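Here subunit A shows up in two complexes: once beside subunit B, once beside subunit C.
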Partner chain A sequence: MSDTLNPTAAAPAQAAAAPAKPKRPKAKSLLMIGEQTNALFENARLAKERGEKVGWSASIFPQEIAETLGLNVLYPENHTAGIAARHQADPFLQECEGPMGYSNDLCAYAKLNLAYTAVLNGESSVELPDGGKMVKPDFLLLTNNICNQLTKWYENLARQLDIPVFFIDTCYNPMDYVTETRVRYVRAQIDQLIRDLCAFTGKTWDDERFKKVMEISQRNSYLWERANNLMDHKPAPIGGFELFNYMSAMVCNRGKESTTAIMEQLNAEMEQHIKEGTSTFPAKEEYRVSWDGIACWPYLSHNLRTLKQYGINMVASSYGKAWAIQYDDLDGMARAYCFASTNGDNASTMLSRRYEALTRMGCEGTIYHVNRSCKVMDCQMMEVQRQLSKMAGVPFTSFDGDQADYRNYSEAQFETRIQGLVEVMKQNKEAKSNG
Partner chain B sequence: MYTLGIDIGSTSSKAVILRDGRELLAHQVVPLGTGTIGPEQALDAAFREAGIAREEIAFTVATGYGRMNCAPADAQFSELSCHAKGIHYLLPGVRTIIDIGGQDAKALQLSDTGQLLAFQMNDKCAAGTGRFLEVMAKVLNVPIGELGPLSAQADRPAAISNTCTVFAESEVISQLSAGVSAANIAAGIHNSVAKRVAGMALRLGHPTSLAMSGGVALNTGVVSAMAREIGCPVQVHPLCQSAGAIGAALFAWEKQMKKEGSSNE
Partner chain C sequence: MADLQESIARLQAACRDPRAQMDRYLAQGKKVVGCFAPWAPEELVHASGMIPMGMWGGHTELKSAKSYLPAFACSIMQANMEFGLNGAYEGMSAVIIPAICDTLRCMTQNWRFGVKSIPAIAIVYPQNRRSPASTDYLISEYEGVLLQLAALTGCMMSETALCETIRIYNEHNRTMREFAAAAAEHLDVITPQVRHAVFKSAFFFEKSEHTAIVQDIIAGLKALPVCQWSGKKVVLTGIMCEPEQVLDILADNGIAVAADDLVQESQQFRADTPETGGGGLKRLALQWNERYGCSLIHELGKPRGGELAKLCAGAGADGVINCMVKFCDPEEYDQPWLEKDLRAAGIPCASIEIDQQNASFEQIRTRVQTFCELL
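Right after this comes the complex of A and B.
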């Protein structure tokens, strides 16, 4: 069984004796991510200044379309996750649920973004912590494969700002495969969307340019998946939560060469760690777990601290790999987007993906984030817990939290559940080593 | 050899002293939880009862909500494992435990050797916890310890929701003003707790042998409602409230034995 050596007794002595630990320099790939993110917002601002049309997009949307057309597009889900992670969400939540009159039960990404938009639109005086770098959009790009609430959220944005939504209905997947009729249905919408978007923005579609963007995008997806798979080494070359830092490259910049450079750098850094037997994970890797659900951004540092205390590295996640999407033409794009998100998949597809990740990565347990913002994900989570734990023979725990609303989390509850999970994992490990 | 287990909960503190990992020398419960003088009072009382000095304790394990802030502790274990261990000591045949504490509820699945196999915990809401019962007892103007006997007199238990403590409180007030008897409301409150916790416990599968631990297990109304909801008799040991501290003292004994074993090698 596990225990924690008394932190109360030990801490003062350690604090007096140990010199301050030097801060580890940031990996080059992380610096590159920072530069790329700054460039994304700056380019959008400059485009707006030039009088070009700038868009906002749902996170799982074929980014290559906007990239081919040379359009600048920003991503509300990423942006609001950042606001939540920096603990700046409160005034936006209050504004959205108060004067704007939205329900507390809405997705917190939507609540933050709707309030942020109200400020951009001159309807609210909440102070923007980033000075308004998420410039006001002229159009919206939307798919419903990740979430159906997005359709209402974007409809409201469109009405609020009086701008068009370019929308692809991707269908729910009751089967384990995508039928050709579905591919044709989605493909026809993509074709129409490209025509409409060209007409609206004045841009021209270039097949050769599209091919080039697709080559870049596929290379990036391959490299992203490869980096995720390198976590199967023991110990894993990096702390699993660090991979979340690179998601903006895949979500917002998947068709860009700058992402290829970042992904190549990330892979090289991970391989170097594997070669040297080192890891950026800041403790000895005692346990390997998988993470189910979106990150609990407002409490990511508390999650990390608690897991680190027990040497738990999160080596597999259903979340990040959602952006390792493989396709090389418009038909492939249509097929891939019918299957690109957990919330659009049936239970057996979801289970087999998770089982594969859990076994490949040698996970000894699973942590489920019961995310108040995402009711669809929560709906399937209980059954996934039950079946996956039985299939893989590993324990799990779940905790209440939220992707962006800091009010839906209790630190003490998280700590108790993680300690309980560790105690079961340790006992299983000991039983295994005793034959 | 003496070992000490201390369970610092949100509303009460429990201390247990064991001799040689078997003999229960002292068990004390003080109705004051973490951040109060409760833990110290429980320790004082336990040492008086055992008739030994603090220096004679070989190893101390803390558990419960306040486990990380317990100065005398040599190690901390979660209350999940401690309740599993403690109930296995008290009622060895039990394979499923429902522990309702001051601010959370847990369902635990045990192996036949008393090891924790799986667990479920309540969500962030206080409905279905001891705090819920405290709030309701206050509204009914009944001491918490009398809720159980009061509910035994019910003939038509009231329907009380179990989604939110504050909403349930206003429902109880409405029922009182509509003339519903305190006994029927108390029974409705117990049903409400039992339904909420049973729903969580059944995620672990249907139990074959079930016990309740924690302070709420002393409430006979909740226990009988739970048995009805789950469809399985519920065993309650008289020391159910000290189960977590007993488990902690047992872990302390195991830790000390391991320590002594390794130093003799």
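Right after this comes the complex of A and C.
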């Protein structure tokens, strides 16, 4: 995303209501993110101009492979989240569900991207709000650790653009661990993919370079996880939604040193806040909650405004930490990418990860985003809600929304649900303080 | 040899009351293992001495399932969950659930926590079938299923039993293909509803038993003069074409099903297990690589439209009816390409929405009537 999604900067109504409140300067780490994202798109554009092959990739594909080969790769999920957050999704949704003939039921990231692709391919005249910075790809990098819809989405892109897909089938994990046979299957695919990608792009694999990229990636994963964990301080050093701003570094640039610099800066800024007892959260932190599911990008500012009204800070998220991927060799990479996303893991793993986050961060409630785009998140959410609430002893609420389709959200419903959650959290707090 | 109509009636009865079929096997002292749609390694259940029984949802009022699935989960999984929760499947020793779409991933967990009386056995089929390593991986998945099946029976499946099962299943596949060919010559007797019942009933019988009944039907058909069908002929594609009322609408409009590409029907029988090339498990794993045209199995090139055009030409069909199971996202990704390719081939195509919980069929009736006029 070229624009950061700093929710404090994206609340015009609120800013208008407040009398001449001085605008907080953007944190240095956020400026760095902006520069890095611009560089990602600019480098892809320049590579394309030079006649080099540019790829599009699923967001939890082993980014380190492309980085080792020096390939320029862009990320449709990340890009469409940006379009949705900037309220530019409508013409793409209309194009996809209209002339292109796709069902309204499908993932809105896919719908936006397929329509955007039609424009790049000369099949649609929808105006591109970013001037086409998501340059037309020559190949696709696919993993299905997030969902099976990605497999279908990329099948369609491949046909639409007549380009190859390099695919790593990471397999769902019904067990509590990644079976060794999965590791062998995925490792064999990684080896084959590297050979095929080299043959297609003319690049050469360099083991030493890979080791270096892997080290950078591990350092970045560590720093990202560390930043997420710093939210355990009370009050949390930043507003939790702000962490969403940094996801592009982990999704698109996990193997880059520029990400290390950003993550180090972010950690330093958070530590400074902790030291000074300050926070960027724009209200007194009354309640600490976890957020389950992808951000509701089209309504991020409404989400934040509503939560801020009650002093609710989102200090834990099930989502962002999916990119804290730890491993130290290719076998480890195979295992790690099978287990990275809780969408690819069974309910026990999902529950234990969420329980750990809830207890570590001292959460008093959970907000579940019933993301209409994402069946794999929604179709077992109800059972997870019941069990997690029982395990952790914290209340929850859910709301209907969407990661990119603005039509699937009601401001009134969100406000009512949060109000209800606050009532229960308040009662719990009072009961606790009364012994 | 049983009478043609008697045999057909027997298969129709099994489709209308699969529970009676299950009770019959249970009364014989056999164990029954439920096999979730769309793909499950039935052969492993059969070779372990148990009866595999298909689970393709059905018409019911959704109550308890709403505590597990949102309204936008597909109706087949909604119904399976409801039946599981309300006890309709009690008596099954286990169910096998293939985690082959996003909803099915979740079903492995919903069932595990929601229907504790019937253990869930999950299987994850490989999707990157171009990778040679996918075969070894699938073998290991089969071995995992076998271990859990052995816990139900108390003994391990033998290689001899598996080879015999593969022979029985391949013979059944051949018989079903033979039936499809014979049915196309007797569209007066094999109405859309009858055709569907012959295919679907395969999920509710031990396969050699089903083979014998279908062979009787084929023999009965061959004894009749070939029918020169004067109405329209279509090919059905999609996951399934249900409930019966939808098939009746086709018949009411003088439309016969000349061939199908439904996952629930012909797709189940068009890929045989190789007779040579390794042990039973390896050959079964290789069979997975032979499956094609299913939206839930990854294939490049979006080949369904082209395959359907060929199928229409071979069957002399006038058009294609795309049976879109409501909220089935793999199908929804295929739909635009399939329709585009059929249009390019000059073959009319109409999509209808399939919802097992549907109570009103007038929209579908209007759609089919319009399509019929177009043909």
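Throughout what follows, the second predicted complex is superposed on the first by the 416 of 435 C-alpha atoms of A that agree within 3 Å, B and C clash if a C-alpha of one lies under 4 Å from a C-alpha of the other, contacts with A are read in each partner's own complex, and residues count from 1 in each chain.
Convention: contacts are C-beta pairs under 8 Å (C-beta built on N, C-alpha and C of every residue); 3 or more make two chains touch, one makes a residue touch a chain.
Only a predicted model underlies this, so the values are computations on that prediction, with no experimental measurement involved.
Trainee: Who does A:Gln149 touch here: subunit B (first), subunit C (second), both, or neither?
Mentor: Second partner only, subunit C.
Trainee: In the superposed arrangement, does A:Met382 touch subunit B (first), subunit C (second), both or neither?
Mentor: After superposition on chain A, A:Met382 lies in contact with both partners, subunit B and subunit C.
Trainee: Touching A:Gln427 in the superposition: subunit B (first), subunit C (second), both, neither?
Mentor: Touch partner of A:Gln427: subunit B, not subunit C.
Trainee: Applying the document's definition of touch, where does A:Thr397 land relative to subunit B and subunit C: first, second, both, or neither?
Mentor: first
Trainee: Going by the touch definition up top, name the partner, subunit B or subunit C, that contacts more of subunit A.
Mentor: C
Trainee: Using the touch definition from the top, say if A:His87 reaches subunit B (first), subunit C (second), both or neither.
Mentor: Touch partners of A:His87: none, neither subunit B nor subunit C.
Trainee: Once the shared chain is lined up, is A:Arg417 touching subunit B (first), subunit C (second), both, or neither of them?
Mentor: A:Arg417 contacts subunit B only, not subunit C.
Trainee: If you stack the two complexes on chain A, which partner ends up touching A:Asn408: first (subunit B), second (subunit C), both, or neither?
Mentor: After superposition on chain A, A:Asn408 lies in contact with subunit B alone.
Trainee: Where on subunit A do the contacts with subunit B and the contacts with subunit C coincide?
Mentor: 370, 382.
Trainee: Give every residue of subunit C touching subunit A within the complex, in rising order.
Mentor: 67-70, 72-73, 77, 99-103, 105-110, 112-114, 122, 124, 126-128, 131-134, 136-137, 140-141, 144, 295, 298-302, 327, 329-330, 332-337, 339-340
Trainee: Considering only the defined contacts, which subunit B positions touch subunit A in the complex?
Mentor: Against subunit A, subunit B makes touches at 61, 65, 68-71, 73-81, 104, 115-119, 121, 123-124, 203, 251, 254-255.
Trainee: Would you tell me which residues of subunit A are touching subunit B in their complex?
Mentor: 1-9, 370, 382, 386, 389, 395-397, 400, 408-410, 412-413, 415-417, 419-420, 423-424, 427
Trainee: Along subunit A, where are the residues that touch subunit C in the complex?
Mentor: 100-103, 105-107, 110, 144, 147-149, 151-153, 155-156, 158-159, 165, 167-169, 171-174, 179, 181-182, 184-185, 188-189, 192, 343, 346-347, 370, 372, 374-376, 378-383, 387
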